[in-house]
Amino acid sequence: MDNRHNILRLLRQVAEGSLPPEEALLQLKTAPFEDLGYAKVDLHRSVRQGAAEVIYGAGKTPEQIAGIAAAMGERGCQNVLITRMGPEAAELVAKTIPLDYHPIPRAAIAYPGERKALGRIVVATGGTSDMPVAEEAALTAEVLGNSVTRLYDVGVSGLHRLLANLNPLMSARCVVAVAGMEGALASVVGGLVDCPVIAVPTSVGYGASFGGLSALLAMLNSCASGCSVVNIDNGFGAGYLASMINQMEGIS
Amino acid sequence: MDNRHNILRLLRQVAEGSLPPEEALLQLKTAPFEDLGYAKVDLHRSVRQGAAEVIYGAGKTPEQIAGIAAAMGERGCQNVLITRMGPEAAELVAKTIPLDYHPIPRAAIAYPGERKALGRIVVATGGTSDMPVAEEAALTAEVLGNSVTRLYDVGVSGLHRLLANLNPLMSARCVVAVAGMEGALASVVGGLVDCPVIAVPTSVGYGASFGGLSALLAMLNSCASGCSVVNIDNGFGAGYLASMINQMEGIS
Amino acid sequence: MDNRHNILRLLRQVAEGSLPPEEALLQLKTAPFEDLGYAKVDLHRSVRQGAAEVIYGAGKTPEQIAGIAAAMGERGCQNVLITRMGPEAAELVAKTIPLDYHPIPRAAIAYPGERKALGRIVVATGGTSDMPVAEEAALTAEVLGNSVTRLYDVGVSGLHRLLANLNPLMSARCVVAVAGMEGALASVVGGLVDCPVIAVPTSVGYGASFGGLSALLAMLNSCASGCSVVNIDNGFGAGYLASMINQMEGIS
Amino acid sequence: MDNRHNILRLLRQVAEGSLPPEEALLQLKTAPFEDLGYAKVDLHRSVRQGAAEVIYGAGKTPEQIAGIAAAMGERGCQNVLITRMGPEAAELVAKTIPLDYHPIPRAAIAYPGERKALGRIVVATGGTSDMPVAEEAALTAEVLGNSVTRLYDVGVSGLHRLLANLNPLMSARCVVAVAGMEGALASVVGGLVDCPVIAVPTSVGYGASFGGLSALLAMLNSCASGCSVVNIDNGFGAGYLASMINQMEGIS
Amino acid sequence: MDNRHNILRLLRQVAEGSLPPEEALLQLKTAPFEDLGYAKVDLHRSVRQGAAEVIYGAGKTPEQIAGIAAAMGERGCQNVLITRMGPEAAELVAKTIPLDYHPIPRAAIAYPGERKALGRIVVATGGTSDMPVAEEAALTAEVLGNSVTRLYDVGVSGLHRLLANLNPLMSARCVVAVAGMEGALASVVGGLVDCPVIAVPTSVGYGASFGGLSALLAMLNSCASGCSVVNIDNGFGAGYLASMINQMEGIS
Amino acid sequence: MDNRHNILRLLRQVAEGSLPPEEALLQLKTAPFEDLGYAKVDLHRSVRQGAAEVIYGAGKTPEQIAGIAAAMGERGCQNVLITRMGPEAAELVAKTIPLDYHPIPRAAIAYPGERKALGRIVVATGGTSDMPVAEEAALTAEVLGNSVTRLYDVGVSGLHRLLANLNPLMSARCVVAVAGMEGALASVVGGLVDCPVIAVPTSVGYGASFGGLSALLAMLNSCASGCSVVNIDNGFGAGYLASMINQMEGIS
Amino acid sequence: MDNRHNILRLLRQVAEGSLPPEEALLQLKTAPFEDLGYAKVDLHRSVRQGAAEVIYGAGKTPEQIAGIAAAMGERGCQNVLITRMGPEAAELVAKTIPLDYHPIPRAAIAYPGERKALGRIVVATGGTSDMPVAEEAALTAEVLGNSVTRLYDVGVSGLHRLLANLNPLMSARCVVAVAGMEGALASVVGGLVDCPVIAVPTSVGYGASFGGLSALLAMLNSCASGCSVVNIDNGFGAGYLASMINQMEGIS
Amino acid sequence: MDNRHNILRLLRQVAEGSLPPEEALLQLKTAPFEDLGYAKVDLHRSVRQGAAEVIYGAGKTPEQIAGIAAAMGERGCQNVLITRMGPEAAELVAKTIPLDYHPIPRAAIAYPGERKALGRIVVATGGTSDMPVAEEAALTAEVLGNSVTRLYDVGVSGLHRLLANLNPLMSARCVVAVAGMEGALASVVGGLVDCPVIAVPTSVGYGASFGGLSALLAMLNSCASGCSVVNIDNGFGAGYLASMINQMEGIS
C-alpha cells in the first residue's frame, strides 16, 4: 500500500461512511494487481510508475507469458514488452495474441500500437558482439516512446571510430554505453558528453572477462562523472532508465 | 580534441588564413587545461560538461590541493568542490584560500559563493552509519545548485520508517539511495517511486558485507526498474549524476 | 555412538552381565544403519532426530534411490521424501515402489501415507521463477506434518503485493523467504514479522547474481533480527528447519 | 505501517468519526518512532517484535549511543543491549546512564534490571579464540530472558571433548555453534542433536580462512539438517534468533 | 637433466674419453623421453620417481592415448594407469592394447599385470556422490601396489557411521579423506587418527559449494594436525601421494 | 582521428584552400573505415599499426565473417587472419573466399599469400592440452611474417624436458610461454632466457584451476624479470605482441 | 570417545563389575583433558596422536599461554611448542616458565629438553622473505625430533640455485617447499624428487598475490605428483606432517 | 646450470682431462652466485640476462639490503637498483654505501655511475595518484640505460589531454601505461600506437577497485592488440621489460 493519495482517499471514504473499515482493508490488499496463481500482474503500475508492465520472459513457460500478456491486453494495454524470450516460445505466444518479435534482442512487443519518438537517446556498443544487449536497450527505449540512435562497434581500441561519431553523442540527452571485455567505452564516452551515461557491462569476452565481471568492475570504477551502471547484460534496465531520464520534464 | 564545434571553428580559421596550420595543431594540443606538473587542471570543463572542476583529494598533498584550487580560483571559479580531504589537510588549505569544510563527508567548498537550489533531490540512507557517504552526495548536489531533502535511517528492516516518509519520495525528481549491508533500500525505493534512483552501496557492515561487495551486488540485481548503481562509497558520483538528472531540461 | 541414553543403556546391560563387552562394541558399531554398499541407510534416524530419513537424489542412480527407499519401506517407514530427482528417474522408481511425484520441486514422496498439518508456516517468494525452490521447502514441511501457506511473487519491487498479504505473515510461527537476485525479501519480511525467518537464496537471476551469490550475501547481511540463511536453492533444508521450529513444544 | 491490527483500529476510529482522516495519515506516519536527527528510535518495536530495541554501537559516537539509550530509558525500557562498543566509549556512556559493561563481547546492558532465564540454549565454540563472538550471542540471549549453557573449545579436531559434553547438547532447545577456520563444528553438532542449530562463522583464522569466508561456506554447505547460518561474527543475531526459537510457544 | 648420478656418470664417461662432449650434451637433451610430436613420453620416470608413467586422459584423443600407452607397453611397462577417460574412448583404446576399464572413476589400466598389496591405506568418503573421486584414489593406490580399504558414506552429519568404523581407521598408515560440500570429514578424521591424512575436496554439492571451493577452503583451514590437501577432485594425486607415504621405508 | 600527421596534412590542405573546412571534417569522420552496418572495417589499420586487420570470429555469423573478409580482400589485403571460427563456419566461408583453415587453433587465413619468416620466436607449452592456444599464437606470428619454433609439452614437472631444449630458447628473440594449471612454465623460462617472455595462461585444468585463474595469477606473480601476461587463452594476442617485439628495428 | 581400545577396556571393566556404568560414562566424558575454563588442555594427546600438545598462541593472552603451558609442564611434558607469539608476550611468559624463544618464526619452546634428530627433512624457500614461515616449519620438525636441512632462496627464477642443491633434495625423505608469489617452487621440486613434497604457500608478495591466494592456487594445481598443500603461512602444519612422514616405520 | 655454452665448455674441459668430473659437478653447483646465508646473490646474472642484479627491498632489513649491495659493489657492479625501500631504511643504507634515493617511487640506486639514454620509452599515467608506480617504472628504465618520457595525468575521462600528447606516444618504441580504477588507459593507448604497450594496473582507487583487481581485469581484457600486463603496482617489472624491448637489436 505504497501510494499516499490512495491511503488518504480511502481514509476519507471511510470517514464519510461510504466505506466500512473492513472493506477498506480488503481494498488495500486486493486492488492493485490480479492474481494468476503463478504471478501477480500489476495492472496499475502504469499509473503508479508511468510505464506499462513489462514481462520478464526468462523462467516462464510460453503459456504463462501468454496468460500474463492476455490479462493485460484485455485491460487495453498496448506495446507490452516481453524480454528474454526465445524464438520457439515467441512462435507459440504469437498463436494467441498479436506479437511483434525481434530475434536479436530476443524480445517481443505484444499488442503493438502507435508509439512516440521523443527526445534523443544514443545506444553505443564497443563491438559487434554486444548487439543483442544493445538492441534490448534500444527496443525498450523505443517501446517507451523515445527516439533512439544506434552507434555500434565504436570501441576504444579504434578510437577514431568513436571520434567520427561525435555529432549524435554531443546532442544526446542520455547515452547507453554497452561493452564487454574491458568496458572502457563508458569511461571514454563519459569524458566526452555532458549528459547522463548509463553503462551496461556485457558478458561478451573470454578468459579473465569472467562473464562480464571485468567490464562491470571497470565501469563502476569509471573516473568519468555522470556515469552509473546496471547489471551485466541488462539492456532492458538501461533502456528503461534512459527513457525516464530522456523524458524528464523541465524544472517548473 | 573532443569538441566538434572547436574542430570546425579551427578548421575555418585555418581556411580563412587567420590561423597557420602548425598553430592550429598547437592549439588543439594545449588549450583546454593548465599543466601544473603533478596535475593537468581542466579549466574549460565547466564549458564542456556544464559543471565546475572537482578536486578529488585522496592521494594528493594539501599543497597540491591548494595549488589546483588556487589555479581555478584565479580564473574566477566559485564553489569548487574538494572531496576526500581530512580535517588536518583542510586546516592547511584554509590558510591560503577561502574554504568551507564539512567534517562528516570530509569534503570542502573552496571559494564558496552563492548557489541555486533547483528541483527536488532526495538522499536516503539505510542507517546512521551511511551518513558520511550520503552527506558527500548531498553536498555535491547542493554545490551544483540543487535542492536536497535528507531522509536518513529509513532502512527496510523497519519498513514503517520508510513508508512514513513517502511524501518527499513521491515528489522527488531523482532519489539517491545510500545503503550498506544488504542494500535492500534501493530495491524498495525503486519499487515505490517513478523517478530515477541512483543506488550507492557503502562499505558499512561487517563479515560477509566484504567491504560493500554485498550491497553492490544486491543493488546491481535490484528487480526494480529505474535503478542504476555507482561505485562503493561514491557519494560524489551519485550527487553529480543526480544533479544532471534533476536539471534536465524538458524536451523541446 | 552419539546418543547418551544408548551408551548408558548398553553399559548397564554389560554391567548386568546380559551383554558381553565384545558384543556391546559390535552393537555400537553396527546398529544404527544398514549398509547397502553404495550407502549406509540410517534407519534409526527418525528416533534420533525426530524425522524420517530423506533421500538426496542428486548423483544417485534410479536403482540406488529405489534400493534405499525400499530398505526403508521394508522397515515400515512412510512418507519418505526424495529430493532432486528428475521425472525420468521418478518414472523408473515408481515401477518398484509406491511414489507420489511433484514435478515443480522435482521431489517425490515414497510410501505416501497420512500426514498431520500442524501450526502455521508461510513460504513466500520474490518472483515466479523462485517457485521450484519454494515448492521443495513447502513440500518438505508438509511431509513432516506442518500446515503451509504459499505467498508467491510478492517481491519488494512491488511492495504493495507484500503488504496486501500481511495477514498470513502476521500469524505465522515461522516464515521461509525464498528469493534470488537481490534477496531483499528476507530483510523486508524480517522487519515485519516477529517469528523466525529462514532465508533461502536462489540461483534465479543473471549477470551479477553469480548463481545466487548476490542473494546469499544480501541475506547474510540482512539488518533484520531473527533471520538466518541456508544454502543457495536449499529448499529442503529450509523446510526441514521450519518444521523443527514450528513444532517446538512450549517451555515446560 | 506494517501492523494489520493498527491499520484496522485506525480505520475503525475514522469510521466512527473519532479520528479525521488527515490525522489518521499523520499518525500512520509519525507514531512508531522518535526522530533524534541522527537516528530514528523505534520505541514501539518491543510491542511489534516482542523484544526491546538493541543499539548497534559500531559507527556511532558515545554521545549518539548515550542519546539513543537515554531516549529509551526515559520511556521505561530496561535491559537495553548495546553491541560493538569499545571500553572507552562504555566509560563515557556510563557517566550519564546506568551501564553494565562486558569487555569480552564488547557489549553492554543499559538500565540493567531483573531478567528471566527460560528454557535451555547451548552456545558452543570450536576454540578459545571464538569466545568474543560466542559471548555476544550468550549475553544477547541472557538479556532476552533465556537460560544459557556455554561449551567452549570443543572443536572437532579433538572430537572427544565434544562427545564428553553430550548431556547439555542433548537437552538443549536450540544450539548456537560458533566456529572459525573450517567451521566443521556446526555440521558435527547438527548431526548429533535434534533441535535447531544456528551456525555463526567467525573471522578467527589465518591464510585461506579469508576473514571467515571459509567457515561461512562450510556452514552453508553443512550436510546436517536443521542448521542455518548468520553473518560472520554475528553473535548478536544468533543470540536473538536462539531466543525466539527457545521461547516458541507450543502449538495450541 | 635433473639426476645428479646421471650427470656424474656422463661426466665420467667424457673424462675417460669413452664419450665425446658433444655426444654427452646430446644425451643430456634426448635421453629421458620419447618425442611423439604431441607428447614427450617420459620412459625413465619409473627409474627417477619410483613409479610408472600415468597418462592424464583429459584433453587427449583416443588415438593419442593409445599411442602413448603403446610406446610404454613396447618398453615393457605394465599397469599403466590412464585417468579421466570416458567409456567411448576406452572402447576405442581397448581395440589396440590390453585394457582394464573402471567406469566409476573413469580410469583404466593398460597392460594389466600382477600387483602387490602393501601396507594399509584407507579411502573414506563423506557421501555416496563422492565415490568417483574416491575410486580414482583407490584404484591409483592399488595400481601402485598398495592395500586399500574403502569406507564410503561416513560423513560427519551421521557421526556414528564414522565412529563405527574406527578399526580400519586406527590401523591405517595413511588415510585419504574425500568429501564435498563442507568437507568436515578431513578435520574429524584428522582429529582421530595418528597417521597422515590427505584431504580431497570434491565438486559434489550445489549452491555455495561453488564447485568444490567450499570444501577446499574448509580442508585447508582444518585445525587437525597431519592434514594436507590436493586439488579439487584430484583422486589420482591423493592416491599417488598415499602410496608414497604408505611405502616409506623405516629410518635406517 | 588519432594520427598526428593526418591532422597536420589535412590542416595544411585547408590552409592552402585545396580543401574546404566542412569537407575536412567529413574526411576526419569517414575516411579510416568502411561501415558494413554490423561492423566498421578498419581498412587503414595496416598503415596505422603495421599489420593487417584480424577478424575475431567468435560471436559473428559465417555470413558476417565472409562479408568482412571480402571487404578486405577487395582492397587487396592478403593473409587475413580469422580467429575463433569453428570448422562448420570455415566450410561455409570457404565457399565464397579463398581460405586456409587450421582446425587445432580453430583459425583460418583468408586470401593466403606469400609470407616472410623473420627472426626467431619460440612458442612453448606446459602440456599437450595447451596446444590449441599455442597454435593460435604460432599461426598468428607466422601470418605476421615471423619464424616460429614450437616446443610443446615441456612443463616444469619434468624439468629435464625443458632443459633438453635450451638451444632454441637461448637463441630466441621472444618466447611465448603457454601453460594452464599452475602456470610455472613462465617463471622457469623467464629465469633462463634474456629476451621478453609473453605468458599465456590457458583454461586447461580442473578443480582449483578455476578456468585459468590459477595460471593467470601465478604468471602475474612471476618473480622472473622480463615477463608479461595476456588474457587467458589469448593465443592471438601473444602471437601479435611477439611479432611486434621480434620485428623491432635496432635503435638508430 | 574416539579410541577403540579405551571403549573396549572400559566395557570390560564394567562387565567385570569393577566399574559401575555411571562411572564409566563419567570417565568417557572427563578423562582426556583438563578444563582451564578458557581452554580444554589435551593432556593425553601425546598418547593418542604420538606428539606433545602444541599451543597456538594467536588470540590468546600471555597469561592464557603461560597457564596452558604450565598445566602441561606440571604433568612432565617437555619441548612444548608455542606458535604465533610475539616477542613481548614471550618475555612475559618467560618470567614464569622456562622458555626458548625464536624471533624469526615467532615461536617458542617451553620446558626445552633433549631432542632426537631423525631422518632427513628438507625445508626450501623461494625467497628470503619466506623465511619466517619456513623457520616455523623447520623448528616444528626439529622439536618433534627430526633432522632438518634448510635450503633458502632457491626460487625458480634463478633455476641454477636450485639445481646446485640437488644433493640434499635427492636424499630427503620429505621436502617442505615454502613459496609466495607464483608458488612454482613446489612444482619444480615435485618434478625432481621422489619423496612426498608438502607445499606451503606464503602471503609474501603484493598486488595479484592476494595475500597468498595466488601461490595457494598454483600449488594446488601443481602438475607434479606427490605434492600436497597446507594453509597459507601454515609452517607449523607442514612441519608437523613432514615429521609424521619422515618418521614412518617401514611396512612390517 | 642453465647455460648451454657453459655445459659444453665444462664437458670439453673434462674430456681434455683438464678438469676431473667431480670438480666439474662442483662447479656446476657453486659457480653462479654467492651465498650470504639469508640470500644467494646472483653475481653472474648480468652476463646471463644482460642486466645488473636488482634488490627487492620489501621484507628485507636495511642490514640485509646493505649487505647484498655491498657484495655486488665489491665486484664492481654499478647502478644497482633497490626497490620498495622506505626513507628510513635508505638513510641507514646510505651510511655504508653510496646511494641515490628517490622518495616518490621509494627506490634507490646504489653505487650510482654513468648511464646511457637509449631509444624512446614513454611512461604514461591515468592520474596523479599513479605517480609512485610510474616513477618506479621510469627509474628502472633509466637505470637500465633508456631514455624515458613521462606523460602523467592523461586519463581517458579527459580524452583531449591524451590526444594533445600524441607526438611522444607516436614516436615511442615502447609505452608503459600505468592506471588504476578502470584501467582504460591501456586500451586507448594500445589503439593509438603501433609499438608494444606494457600495462601496469595500480592499486589506486576505492570501493570496487578491490586493490587494483578492477584495473588488472580491464587491462587483461583490453581489446587492443600489442598490450600485455604485469602485476598490480609492478612498476619495476614494466620498466625492466620496456628496457628489454626498447634495446632489441634489429634482425640481422
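Just so it is clear, A, B, C, D, E, F, G and H label the chains in written order, and each chain counts residues from 1 on its own.
Keep this in mind: contacts are C-beta pairs under 8 Å (C-beta built on N, C-alpha and C of every residue); 3 or more make two chains touch, one makes a residue touch a chain.
This one's a predicted model, so the numbers in the text were calculated from it and none came from an experiment.
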item: Minimal step count in the chain contact network, subunit D to subunit G; value: 1
item: Most widely separated chain from subunit A, with each centre as the mean of CA atoms; value: G
item: Pair joined by more contacting C-beta pairs (A-H or G-H); value: A-H
item: Selected pair, out of D-G, C-D or C-E, that shares over half of its residue contact pairs with F-H; value: C-D
item: Rotation in the CA alignment of subunit C with subunit G, degrees, nearest 5; value: 180
item: Centre-to-centre distance between subunit F and subunit A (centres being mean Cα positions), rounded to whole Å; value: 38
item: Centre distance in Å when subunit B and subunit G are each reduced to the mean of their C-alpha atoms; value: 53
item: Chain centre separation in whole Å, for subunit F relative to subunit D (CA means); value: 58
item: In subunit G, residues with contacts to at least two other chains; value: 1-4, 28, 158-159, 163, 166, 191-192, 207-209, 213, 216, 220-221, 225, 231-232
item: Contact footprint of subunit H on subunit F as seen in their complex; value: 2-4, 48-51, 54, 118-119, 163, 166-167, 170, 173, 191-196, 198, 216, 220-221, 225-232, 237-238, 240-241, 244-251
item: Contact set on subunit F toward subunit E in their complex; value: 128-129, 131, 152-154, 158-161, 163-167, 204, 206-209
item: Contacting residues of subunit E [partner subunit F, same complex]; value: 1-3, 28-30, 32-33, 38-40, 42, 45, 58-60, 64, 201, 203, 211-213, 216, 231-234
item: Subunit E - residues contacting subunit D, complex; value: 126-127, 155-159, 180-184, 187-188, 190-192, 205, 207-210, 213-215, 217-225
